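You will see two complexes here that share chain A, one where it goes with chain B and one where it goes with chain C.
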Partner chain A sequence: MTPARLYLLQRATALILAPLVLVHLGLILVAVEGGLTAAEILGRTRGSVGWGAFYGLFVVAAAIHAPIGLRNVIHEHTAWRGRSLGVAMAMLGLLLAGLGARAVIAVVAAP
Partner chain B sequence: MIRPQHNYPGFWAFVAHRVSGVALALFLPLHFLALGLALESDAALDRFLAVADNPVFRVAEWGLVTLLTIHLGAGLRVMALEFLPWRDGRKGLIGLGAIAAVVVGTIFLLRIG
Partner chain C sequence: MTASPDGQGCLSVEVWRGRDEGRFQTFAVPHRANQTVLDVVTWIQRHAEPALAYRFACRVGVCGSCAMTVNGRPRWTCRTHVSKVAGANGRLRIEPLRNLPRIKDLAVDLTPFFEKWQRAQGRFTPTRSRAEPLAPVSPESPARKAADAGIECINCAVCYAACDVVGWDPDYLGPAALNRAWTLVNDERDGDRRGVLRAASAGGGCHSCHTHGSCVEHCPVGLNPTAGIAGLKRRSLLDLVGRGVP
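Up next, the complex of A and B:
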């Protein structure tokens, strides 16, 4: 992928992530009082189409945003570049998307 | 010769954005794996949450919440610089982001008790 495309994808996902992170931070501050329990977390998320869509979008955007950001950092601070770096970061994106989708299914899908 | 301006607030905002981004990217797979325990059973997730209920984890969680706020603030600053009309008071954005991170981190610590 060209650097221009990566740049646009990074900014587009940042625009998506910003409001999601704000909601996530707000929810963390509300939910953390008195400690976390599985019943409390899953009671909110299980069977919820809204939270499923929220976290699904969150995972997709983060799985694109994080590898592009790491690629920039590695590119600018180390000698690693070229195709192998692109392939490694694409694999990281797939790993994050896979683990993230698994986590969303775990907390949203009914047992 | 162009010398790096390491004592300029914008440089530290850049460093904070980078360091918080790398830390969050490394944390993300662990976060997903922990939540994935609910696939096994509710009890498996509860066992993990019980293990995490100690001062070391709480400090780590406080750090992550603070880093997420820092990354959000620094990221919004980058987009404001790139997409909004250039105007004075840009350093104020850095201060605003830093204050937001301290406030969110403090509220987290107060609520987790």
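Up next, the complex of A and C:
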């Protein structure tokens, strides 16, 4: 993939992630300060198309954003270069997507 | 500052001697009114250490060959007055430019710098022969104004030495080469503007810039390579949909 496409993908996913992260952090504060139990939280999320879409988008954006940034950091600060770095970062993206999807399914899917 | 025969005092000047391995050698140099850092280095070579290696040519800020690191900052030494950088204690520390291979003492090898100009396709591709009339270019067009804003680069490599990304990533083309590419992308007479844009946005190109702005801070002729690099980033994104170059 060309540097221009990677640049575009990283900036576009950053734009998506910025509001999602703020909502996610707010949600954590509300859940903790409000004293919600795990069962109460799952009661709100299970079967919810909205929360599924919210965290599904979050996972996709993070799985694209993080490996591109990490690739740049590794490229600038180590001697690791070339195709092997790109392949490793693509695998990291797939791993993040897989772990994230598993978490989203766990809180959204009906028991 | 110690007293000198003319009553104006002496500067204490530490100068790097050697290549990658070396040491600082200290010289006492008479302080003069309106003295530049290049005057100081030249005085040392002529009166104290004939074997001192350094590079200069025009002495008036045009050729871009005398850049060195002065008290930790890259500067054009021929237009840098001692009074502005030495401070009240009259101390100077002069080293070769960062981010370039050292040759000897204060002279560095600029080969990587100019090779990256070529990698960025920083050369004009003509569209007319000398037998044809000059191309009419409106100085008021936005593209020409963008090109004019970056055209006065003197190739001194001060921005290249000041850039953190160049220090981290040996593949990075650097501010000067990308600034040159930006002027060509905006030059309606150039015959391969898309080629320049693609060369400047390939691996190690404009997308590697972190927008630290060190090039803007240090450019001795007041250019803004960061703005040109941002322009290249925008154009490379537009190029994804075929609109990078008019």
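Simple rule for what comes next: the second predicted complex is superposed on the first by the 107 of 111 C-alpha atoms of A that agree within 3 Å, B and C clash if a C-alpha of one lies under 4 Å from a C-alpha of the other, contacts with A are read in each partner's own complex, and residues count from 1 in each chain.
By definition in this document, a residue touches a chain if its C-beta (ideal position, glycine included) is under 8 Å from a C-beta of that chain, and two chains touch if they have at least 3 such contacts.
This one's a predicted model, so the numbers in the text were calculated from it and none came from an experiment.
Q: Return first, second, both or neither, reflecting whether A:Gly50 touches chain B, chain C, both chains, or no partner chain.
A: A:Gly50 sits against neither chain B nor chain C.
Q: Let me test your reading of the model: by the given contact rule, A:Ala4 touches which partner, first (chain B), second (chain C), both or neither?
A: The second partner, chain C, only.
Q: Once chain A of both complexes is superposed, is A:Leu96 in touch with chain B (first), chain C (second), both, or neither?
A: first
Q: Looking at A:Gly35, would you say it contacts chain B, chain C, both, or neither? Reply first, second, both or neither.
A: In the superposition, A:Gly35 touches chain B alone.
Q: Identify the partner contact of A:Val21: answer first if only chain B is touched, second if only chain C is, both if each is, neither if none is.
A: First partner only.
Q: For the overlaid complexes, name the partner, chain B or chain C, with more touching residues on chain A.
A: Counting contacted residues of chain A, the larger count belongs to B.
Q: Based on the A-chain superposition described above, do chain B and chain C contact any of the same residues on chain A, and if so which?
A: In the superposed arrangement, which is not itself an observed complex, chain A uses no residue for both chain B and chain C.
Q: List the residues on chain A that touch chain B in their complex, please.
A: For this pair, the touching residues of chain A are 11, 14-15, 17-18, 21-22, 24-25, 28-29, 32-39, 41-42, 59, 62, 66-67, 69-70, 73, 95-96, 99-100, 102-103, 105-107, 111.
Q: Of all residues in chain B, which touch chain A in the complex?
A: 18, 21-22, 24-25, 28-29, 31-33, 35-39, 41-43, 45-46, 49, 52-53, 61, 65, 68-69, 71-72, 75-76, 78-79, 82, 104, 107-108, 111-113
Q: Going by the contact rule at the top, pick out the chain C residues touching chain A in the complex.
A: Contacts found on chain C: 165, 168-169, 171, 201-203, 205, 207-208, 233, 236-237, 239-240.
Q: If we count contacts the way the header does, which residues on chain A are in touch with chain C in the complex?
A: Contacts found on chain A: 2-8, 72, 75-77, 81.
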